[in-house]
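Notes to accompany the following structure.
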Amino acid sequence: MNTLIFRTIAPLIVAVMVVFSIFITLRGHNEPGGGFIGGLIAAAALAILSIATSVQQARRSLHIHPLVFAGFGVFMAGVSGMVSMAAHAPFLTGLWLELELGEAHVALSTPLFFDLGVYLAVFGALGAVILGLETDGEID
Amino acid sequence: MNEAMITTPTSWADWILILPVVLPLMGAALMLALRAIRGTQAPVAFLVTLAVLVFDIALFLRVLETGPIAMTMGRWLPPFGISFTADLLGAGLAAISALVTLVILVVLGAEPRRHAGRDSLYPLVLMLLCGVSGAFLTGDLFNLYVWFEVMLIASFGLMAITGTPLVLDGTIKYGFINFLATSLFLAALGLAYGLLGTLNMADMAILAGDANPAAMGVIAALLLLAFGIKAAAFPVNAWLPASYHTPPAVISALMGALLTKVGVYALLRTLITMFPDARALLDPVIVTAAIATLLLSPLGAIAETNLRRAIGFLVMGGIGACLAGLALPSVDGLAGTSFYLGHAMVTMTALYLLAGFVEKVTGETDSRAMGGVYGAQSWLSILFFVVMLAAAGVPPFLGFWPKLMLVEAGFDLSGFFDGAPGYEAVPLLLVGAIILNAWLTLIAGTRLWAHIFLRPGREGALSEQPNDRLVRLGRREALIGLGSTGLLVGGIVIAGLLPDFAIGAARIAATDLLDPARYLAAVGLGGGQ
Amino acid sequence: MLALVPATIFVYLLGLIGVVADGEPVRIAFAWIPSLGLDLSFFIDGLALTFALTISGVGTFILIYAGSYLKGHPHLGRFLAYLLAFMGAMLGLVLADNMLALFGFWELTSITSFLLISFDHRRQAARRAAIQALVITNLGGLALLLGAIATQRLLGHWDLSAIRAAGGTLGESSVYLLVLWLFLAAAFSKSAQFPLHFWLPNAMEAPTPVSAFLHSATMVQAGVYLLARMTPILGETPAWTGILCTVGGVTLLWGAFAALRQTDIKLMLAQTTIASLGLLVFLIGIGSETALIAMVVYFIAHAAYKAALFMIAGIIDHETGTRDLTALGGLRDKLPLTFIATILAAISMIGLPPTLGYFSKEEMYLALFGGQWQGILGLAVLILGNALLAAAALIIAIRPFMGRLGVTPKTPHEAPLAMVVGPLALGVGAVLFGFFTPWFDEMVLSPTSSAIAGMAIAAHLHTGIDPLNPILWLSLLTWALGGLAYWKWDQLRTGLRRAAAAPGLSFDHGFDVFMFGLIRMAGALTRLWHHGRLELYMLVIFVLLALALILPVLGLSGLPAWPELPALHFHEAVVVVLALAGLVSVLFARTRLFAILALGAQGLAVALIFMLFGAPDLSFTQLMVEILSVVILALVMTRLNLDVRDSRSLEEAIRDGAVALLCGVGFVMVLLVVLGQPFNGRLSEFFTRYSTEIAHGRNIVNVILVDFRGLDTLGEMSVIMVAGIAILALLRSQVRKPLDPTPVRRRSPRKSAAKSVAGDVAPKAKAAPKARAGAQTPRRRTRKAGPETGGAGA
Amino acid sequence: MDVAIALLVGAFMTLGIFLMLSRSVIRMLLGLALLGNGINLLIFVSGRLSREAPPIVPPGAYVPEGAIANPLPQALILTAIVIGFAMFAYLLILGMRAYQSLDADHTDTMRLAEPEDGPRPPLSY
Amino acid sequence: MSGGEILAYSTTFALVVLGIALLLVLVRLILGPTLADRILALDTLTTVALGFIGAIALRTGYFLYLDIAVSLALVGFLATVAFARYLLKKAEAEAVSTGTGAGVGQ
């Protein structure tokens, strides 16, 4: 797909999609969205990037092997469930930490990290599949 | 808060219920996240599995002491949160899964050549263990579905890891049929939710009695079909002999040990504990399937020349025995099934592992081309012989006891030897099938033994000439790989000689299966309902 | 050295003789499986003790003999280990009180026998014999198991001593015949009774010590032991007597005639063993006091002389290299000690006074003398059988040793002392016993026959030779007949051979027919069910699915009612039509791309349905998944040249369509049933109620996903992660493809394929010689179609 | 409307199963996808339908005003969709690899694991 | 007629029209005749669905549906891109195998 228009536009779209995916993930707790959808959008962005430029380029722009994202995401979700051990609560108990940073009111919670983990897992695994399909899996 | 959440604090000791699932999950995730450091995978996998085994055993002992225990995730009151519930059956099977995985990891580690797909192998093994543990310990039907899928995708990955044409063929059959099975499970689950409005197994067990019998019948029939496929019950067992012999032997061992057994476990859990009324409707089907599986599987093993494919048929024969227990729902029958499940896990692992060594020694997969192992590898031969006898249920090896319990259950349920005039014929049919199965299995086993071990050379004119293609196992492999398998077999022998503990535990497990009061109480439901 | 083990046991058991003879059986029990109410209990009464003494006594000599017989054999240690294991199992069998323990030992003897018969595993005949013996005895063993369980159910105890103490008997039970046949099947298979006798001659493939020990003196006697043991519980009924006498008598004659047909010493001995076993069964069947006494005496006598004769056969074989009676002769001077032993054993076998064999014959004739026509018939059978056995004994004692020296493969020398001492001692013992009859009566015979009969029997052997006693004349008749048979042996043998060959079918051959038939049937059935055609596997599943969906509904509630629910709006209907159109287009798509497009359209419609019914998150996810599916499909399809058209014939399509339609209808029906039921929405109400308050999230679906049911999500994301791993592994495996030994048939036209060939050939070329040199270098991408890959590619 | 969707479920199942019974792997995969969608819809209908009221609590409120769609089946289906997608992707790529290795996507050609004319068991000991 | 009613009528009208559009696109999707037609039909289907979602958002007052419309707009073209790429690759492959530049279509 070496058309000029697509190659020029694609990075822009990809950037928008990535930002949008993070946005969707973060607000998922209150509005439609969440880690799954965010991750899927991010993976779609990666697909567009790889089609518009090349797999190698898309892989380079990630810096890290996509499966590392996936592993890290699952690990993060697991950790966010384990935190409740310290609180003498069962696995995956939601713990909330309300931070007042000056004007901003930030709510940090284990479900948030869990959702971020989902995002990373979905993005990583699907990204790996999409890139791998073009290169026989050799995407190191 | 009180009406929504459990307020009693969870002690750290309670975490043994969830750690067998979380540890391998996080271990696998960590392996991926740190994939740059390659040499660590094998030791990490070993340590994680060892930890899981320790936790599983602790869990088992605790359940033995206090009865079933539960942990509801996120502190939400059951049935609203997901309750992990361990009764003796689940905990015991989880412990055995961890044990066989550990042995398999050791054997894998001792192999001189690394398998293809080395980066994925250990994470996949851990994820398989994770899925299996989850399936054994969860107390929520949808959650069970999720663990089934975890297990399934991990087994896909493992099975196709070498990517040879043979493996691909096997995996296609395995993959399509098994994914279809989980899809049917999902459909049954959806219907059950629509009917009962709940997903917690204990809660479902309570509500199922008053639900529409026709719909419950469909749900139970769907579950029987779905888990029957998973468990490789006749006539939906074709995927097993089509696929289990294709991957490397260690992977066959892992699958043969774990996957079908989870299917049987799910059958027990759903049809015995949760929907006993609907199961009664399905009895004729279960009996037919059990008898057919019992009789046809060893015939397959007799007919098959590919060694590991023949073992696949033996795996299915064991499933027939388990199904027989499902059709004999007394304490003895279910205890027999529970015991048999544990026995089959260990025995089939050992059998596949030994078959792997045999294939290495002979360089062949077809028993017709093998021969002369008895002369060259005494230890391997004796181990194989013992395991074969254990699989056939010859006393005093381990397989005998569960079969004995099943036969006794059949006699008791038939009432034939009570002295009373009337009796039920069906349990006697099952008893007959179990006995014939033992005999046919022995025939199959001795044939394999005679062809592979006793006969000096390969099939045909040269069969009386020594086999000159035999290779010696590497030192490390013989010592560690065969040694650990030998330890496993030693365990089988000792457990067969002193089965009291296992029988007692199986009895308790069966009692809890039949009368779920303690199970319900552990979840926090059932009181006053 | 190992012989010390049985010797010690023998001496120990000998010490118990006095205690047992005083009517105080010894019982030892360990708690074994309390949860099944099982004790590992041993019970030593006269019967058990007699058998145990025989086993350990003969075992001692056998072990001495075996060490010498197989001297220098590479697997001597293995052999002795099996032999000892067998002896342990056999002792356990006769001493066990618990029926399950008895069954366990019973099976162990079968297994050790399998290992011993197949000891010379290089010959197919040995393997066949081993399998045959195991298959037959195992079937009997399973019958024993069933019988034992049935007995326990009926009489309430696992322990035989407890059953006997309670006076339990099954004679009046309504299922007596069934249980009887179960036990008989076990005993007959183990003791080689007609028509299950044929495995025993084949078992002579085993080395001679094994034949001497297992297949004459001990293991085959297990069936006799079982019958004796069960006499108080099962015996003394017309069926018992009738069956046992018939089978025993037929076996006696069959074995005796078959013995005279042989020219191989071992085979002749094996056939006489069958005959003797028949005789023992016959005597148990009669069950009178004298018959039981005769049986005990005969058992002891037989064990001694038969083991001795087998060992002698082994010596002859060992020293001359042949066992053919027609080739042997004149060994008297070469093997003097062996000759003496042979004469002693043969005297006992013929039943000349004062050997034990004589006494047993006297007793058995006495038992039948003066009866009804059955008694006379039995007597005739016994006389004929004994006469033929005597002839066989004469043949074995005279042919190899007298006459001219035969031409044999090896020059005969006297065997080493270790081999001769056994037969000599046993032969002397068989004779000596005759001089200690009072002690023998009191210490062995009475307790043993009492134990069998279940009541006190005072045995007394008639030692005097009284010409007026008609029994003596019967004995004389027997000897005369035996002498005649010996004299006419050559003619007799030819005649018998012709008779045996006449039907063209033997039991032994029948076993092959059965086994091969079983194997062929197994092959056919397996090919029928496991044909390897995926679509048929699936078809079976879907047929079952249709039944599972439809039958319960039709059977339990009839056709479901059409629930009263609001109708669709126009735009909703349009979406449904879109979905249907997408579906049908997938079905009829003629090209790949169109199929994918139709799949996308159908997915879009599903997403819209989710949206219309208030599920934005679902709709969102469905859309994304559908798009990504289409992308992946398109990526895959660029590499393939697939045909998506249906290749089914019309009939197949109709068949599949009917099944599919039934499934679809079934799903609709069960859904209607479910929809007709009231809905229990308490889970959702709970989630709705607490989503914001406790879980701090306004999107209830998301809160369910990450909090209420977070564990599902954890599992789900791990599915995704594993799918990533698995797919990458799968894709990576194909890079190795060009290195297959088989030529590549199809290669995608992309450049990377060519690159990977160039990159990989070099390491392979380097690695190959190394691998051939045996170095186990882990090679990275090269795949070898070795055993671990399942021999793929071959 | 529940009934209409129930009928649609039936249509999905029928066509999905019909496609799964064809011998081409790619068609079977399409069938599997349809079957998956059908099952998702089945769960959706089982949890009862309601129109256009997403299960989202308005800002500032504790509980939603009025009736909302049943959220639990949605969460379940969401999980099932994603799992189904993972499986679909795996099987698709498996089919592709099988096609490359076995040279066709027809189940008739997939007879390596269970050869068409498999060896007869030897009649020996 | 109040504002609410006007909105209700107009959204119903919009849904009907969009529904008819959907059906028309469907016809194009099924009839083809070329692959390009069908790809464009699917693309248009996505666009019409966008409108559909918007109309529903207006009708129900749940503006969160618009987010979905936004993301659909963002991602929806990906399928079209993938198809386009597929066609290109296929044409390339055919050109390689037959030596002639095959056209797009079937």
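We call the chains A, B, C, D and E, going by the order they appear; numbering starts again at 1 in every chain.
Methods note: a contact is a pair of C-beta atoms (placed from the backbone, for glycine too) under 8 Å apart; a residue touches a chain by one contact, two chains touch by 3 or more.
Treat the numbers as computed from the prediction; the structure is a model and nothing was measured.
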| item | value |
| --- | --- |
| Third chains touching both chain E and chain B | A, C, D |
| By mean Cα position, the chain sitting nearest the middle | B |
| Farthest-lying chain, centroid of Cα atoms versus that of chain D | C |
| Comparison of A-C and C-E (more C-beta pairs in contact) | A-C |
| Most distant chain from chain A by Cα centroid | C |
| Inter-centroid spacing, chain D versus chain A (mean Cα positions, whole Å) | 25 |
| Inter-chain centre distance, chain A versus chain B - centres from mean C-alpha coordinates, in Å | 36 |
| Separation of chain C from chain D, taking each centre as the mean of its C-alpha atoms, in whole Å | 44 |
| Distance from the mean Cα position of chain E to that of chain A, given in whole angstrom | 27 |
| Shared-contact residues (touching 2 or more other chains) in chain B | 25, 28-29, 32, 73-74, 123, 142, 146, 149, 153, 156-157, 160, 163-166, 172-173, 176, 180, 187, 191, 194-195, 241-242, 245-246, 302-304, 366, 447, 450, 463 |
| Residues of chain C whose C-beta touches two or more other chains | 124, 127, 131, 519, 522-523, 527, 530, 532, 534, 538, 545, 573, 612, 616-617, 620-621, 624-625, 627-628, 631-632, 635-636, 667, 671, 674-675, 679, 681, 683, 687, 689, 698-699, 701, 705, 707-714, 716, 718-723, 725-734, 792 |
| Set of chain D residues in contact with two or more other chains | 20, 42, 45-48, 52-54, 56, 59, 72, 76, 78-79, 82-83, 86-87, 89-90, 93-94, 97, 101, 107, 110-114, 121, 124-125 |
| Interchain contacts, given as pairs of chains that touch | A-B, A-C, A-D, A-E, B-C, B-D, C-D, C-E, D-E |
| Footprint of chain C on chain D - complex, ascending | 1-24, 26-27, 30, 33-34, 37-38, 40-42, 44-59, 61-64, 68-72, 74-79, 81-83, 85-90, 92-94, 96-97, 99-101, 103, 105-108, 110-116, 118, 120-121, 123-125 |
| Partner chain C, residues of chain E touching it in the complex | 15-16, 18-20, 22-23, 26, 29-30, 32, 35, 38-39, 41-42, 45-46, 49, 52-53, 56, 62, 64-65, 67-68, 71-72, 75-76, 78-79, 82-83, 85-87, 89-90, 93, 96-97, 106 |
| List of chain D residues in touch with chain B within their complex | 20, 25, 28, 32, 35-36, 39, 42-43, 45-48, 72-73, 76, 79-80, 83-84, 86-87, 90-91, 94-95, 97-98, 101-102, 107, 110-114, 119, 121-122, 124-125 |
| Chain E contact footprint on chain C (complex, rising order) | 569-571, 573-575, 577-578, 581, 585, 591, 593-594, 596-598, 600-601, 604, 607-608, 611-612, 616, 619-620, 623-624, 627, 630-631, 634-635, 637-638, 749 |
| Residues of chain E defined as touching chain D within the complex | 56, 59-60, 62, 64 |
